[in-house]
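To keep things simple, chains are lettered A, B, C, D, E and F as they appear, and every chain counts its residues starting from 1.
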Amino acid sequence: MKIGILLKQGPYNHQASDTAYKFAEAAIRKGHTVDAVFLYNDGVINATKLMDPPQDDRHIAERWSELNRDHGVEILACIAASKRRGINEDIMITGSAITGLGTLTDIAIRNDRTVTFGD
Amino acid sequence: MKIGILLKQGPYNHQASDTAYKFAEAAIRKGHTVDAVFLYNDGVINATKLMDPPQDDRHIAERWSELNRDHGVEILACIAASKRRGINEDIMITGSAITGLGTLTDIAIRNDRTVTFGD
Amino acid sequence: MLHTINKSPFESNILETCIRFLQPGDPLLFIENGVYAVQAHNRFAMLIESVHRTNPIFALQPDLSARGIMAILEGVETVDYEGFVDLVEKHKVNNWL
Amino acid sequence: MLHTINKSPFESNILETCIRFLQPGDPLLFIENGVYAVQAHNRFAMLIESVHRTNPIFALQPDLSARGIMAILEGVETVDYEGFVDLVEKHKVNNWL
Amino acid sequence: MDVKKILHVMRHAPHGTVYTYEGLEMILIMAAYEQDLTVVFIGDGVYALKKEQDTSDIGIKGYAKTFAALGDYDVEKLYVDRISLEERGLTLDDLVVGAEVLESAELGRLMKEQDVVIHH
Amino acid sequence: MDVKKILHVMRHAPHGTVYTYEGLEMILIMAAYEQDLTVVFIGDGVYALKKEQDTSDIGIKGYAKTFAALGDYDVEKLYVDRISLEERGLTLDDLVVGAEVLESAELGRLMKEQDVVIHH
């Protein structure tokens, strides 16, 4: 199965980022394709490479970056939502990109499932 | 009266930033002192100068910056909360600064009121 | 002590929780989505009226206007942001989130 | 269609709202703070049991463990993240937020 | 061509959070893609359609009129949950747009028909 | 010296949001300032104290043990709302820390005595 993920909450503040990641990992482990993670609302903050959590905590942006590198999952942030929250390509983690809501529509069309995580 | 403000939500996503600003403005207009706005949780995102809202919308970070410039209100972001969310001094708006939770304690001690806005 | 509530009573139980701890005479101020609590003819009217017997109730007019709430419960006083500041000056604050 | 709920039933009315639209046979999966709904002996036990007569009910085990919920209602099936993926494969999804 | 049935569920009151506004932005873009779009208003989502919203004093842009104009973007299927409307003491006359009022069972069946459901 | 009565109100379940965790970080720092600190657990906040939390499978650090250790930081006044505890089918035995259970009226009076109240 081919899966698109819509993530609507920021990292650390809500569990949504963590659940989305664990779900994506499990789907890949089971042989499914995770096509893209589309970041919307505060979800765009997941893509900032400037985050610097404590050493013994997970690094949420790097996890997304690795999912892109290792499994080709596109990590895409909505441009309008990003602009409101101060996210731009200069500060985005490797493997993530800015795009428009048209891309989310394409994701919803081309995938068997679109799964939303948020609050 | 001397007022400290604690702001616990990010800009645009919740009305908390707007209500906190309108409250601070009104307090100053009435002759009170707004000592500081302390940014906590997702509130730290209020201080990023990279936000770039549509032309016809309010610029929330600039509003805080002006409140600092015109009325000496300290705009302070918690360092631990900022690190988790990718906020650091390189991308913070003029008139804002990073600090620790000890500063919030000082604010709570030295002000007549500590008013919280959030979600 | 001034209690403020900023959540819609339809989507959150903060109003009921706050009322459980409210001391007689302490003012209650509704802001942001909290102002739906004082809209006339909704299912919180009786609850608000019973609180009003012991506590003054306020709602932030800019938030009522923003939401198109024209008819509010009798006895609820509206304030602007300056009125909000006055309430904070008169009382210590407990901002329920 | 798989319905997921991620909010505590004590703090949100999403559970009641979702149940109003749930079609017979459609599975309901509790994740994140939603898992408190299936904790044994709390005040949602009767509601969950009545839903269970017509709909299969699941809860995400990692979220139950994280919250120290050891005793859950009879008939509720626990799944791990891979089980969550299986449910999504079998059903179209409606993620209530 | 692959036409998907996509449902947007508006669940939040306006202005307190951005979800309804950013949801509307999503609907407007998706409307250009010739999919089978439906928008339902449930819970506090019905407040997004309330007439006479004037946001000038809170300093936030209003957008109720954009909901009223969704027909111009060929988004024609707008449904309101009857129970949500009644609980809030509202009728169709209070709304900026002529949505259709549906019963819970009808909305439940409508949801089940969808390929993609997005809550805002 | 100006000693203030500062109340922290824990209202959220753990892990679903960061509020309880970042609230705890705030309490730990404030504890060093020799103010008159109190922490109350209301609503889902009581779940923060639930025994046997094991967060290893969700990939988030647990912190229930830190609540249990608040006494080491001289934060001694921990109160739990009786109704919130009972509604959740919990008793003091289910909690990691020996907090005192209070009635609504007692908690209401305690709140009113405070100079500063911060909800987490």
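Following the convention adopted for this analysis, a residue touches a chain if its C-beta (ideal position, glycine included) is under 8 Å from a C-beta of that chain, and two chains touch if they have at least 3 such contacts.
What you see is a predicted model, and the numbers here were worked out from it, not measured in a lab.
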>> So using the touch definition from the top, which pair is joined by more C-beta contacts, A-F or B-F?
In response: B-F
>> With touch defined as above, tell me whether chain A and chain B contact each other through largely the same residue numbers, more than half shared, or through different ones.
In response: same
>> Let me spell it out: compute each chain's centre from its C-alpha atoms, then which one is farthest from chain D's centre?
In response: B
> Which chain's centre, taken as the mean of its Cα atoms, is farthest from the centre of chain F?
Replying inline: E
> Just curious, how far off is chain E from chain A if you go by their C-alpha centres, in Å?
Replying inline: 26
> Rounded to the nearest whole Å, what is the centre-to-centre distance of chain C and chain D, using the mean of the C-alpha atoms as each centre?
Replying inline: 34
> How many angstrom lie between the CA centroids of chain A and chain B, rounded to a whole number?
Replying inline: 28
> Listing for chain D: what residues touch at least two other chains?
Replying inline: 6-7, 10-11, 13, 32-33, 62, 80, 92-93, 95, 97
>> If a residue has to touch 2 or more other chains to count, which residues of chain E qualify?
In response: 15-18, 43, 58, 60, 115-117, 119
> Tell me, which residues of chain B touch at least two other chains?
Replying inline: 12-13, 15, 19, 22, 41, 80, 84, 114, 116, 118-119
> Touch graph across the chains, line, ring, star, complete or other?
Replying inline: other
>> Run through the chains and report each pair that touches.
In response: A-B, A-D, A-E, A-F, B-C, B-E, B-F, C-D, C-E, C-F, D-E, D-F
> For chain B, which residues count as touching chain C in their complex?
Replying inline: 1, 3, 8, 15-16, 19, 22-23, 25-27, 29-30, 32, 113-119
> For chain F, which residues are in contact with chain B within the complex?
Replying inline: 2, 4, 6, 18-19, 22, 25-26, 29-30, 32-33, 35, 115-119
> Which of the residues in chain A end up touching chain F in this complex?
Replying inline: 12-15, 18-19, 21-22, 56-58, 119
> Any idea which chain D residues touch chain F in the complex?
Replying inline: 6-8, 10-11, 32-33, 36, 39-43, 61-63, 65-70, 80
>> Please output the residues of chain C touching chain D within their complex, sorted ascending.
In response: 10-13
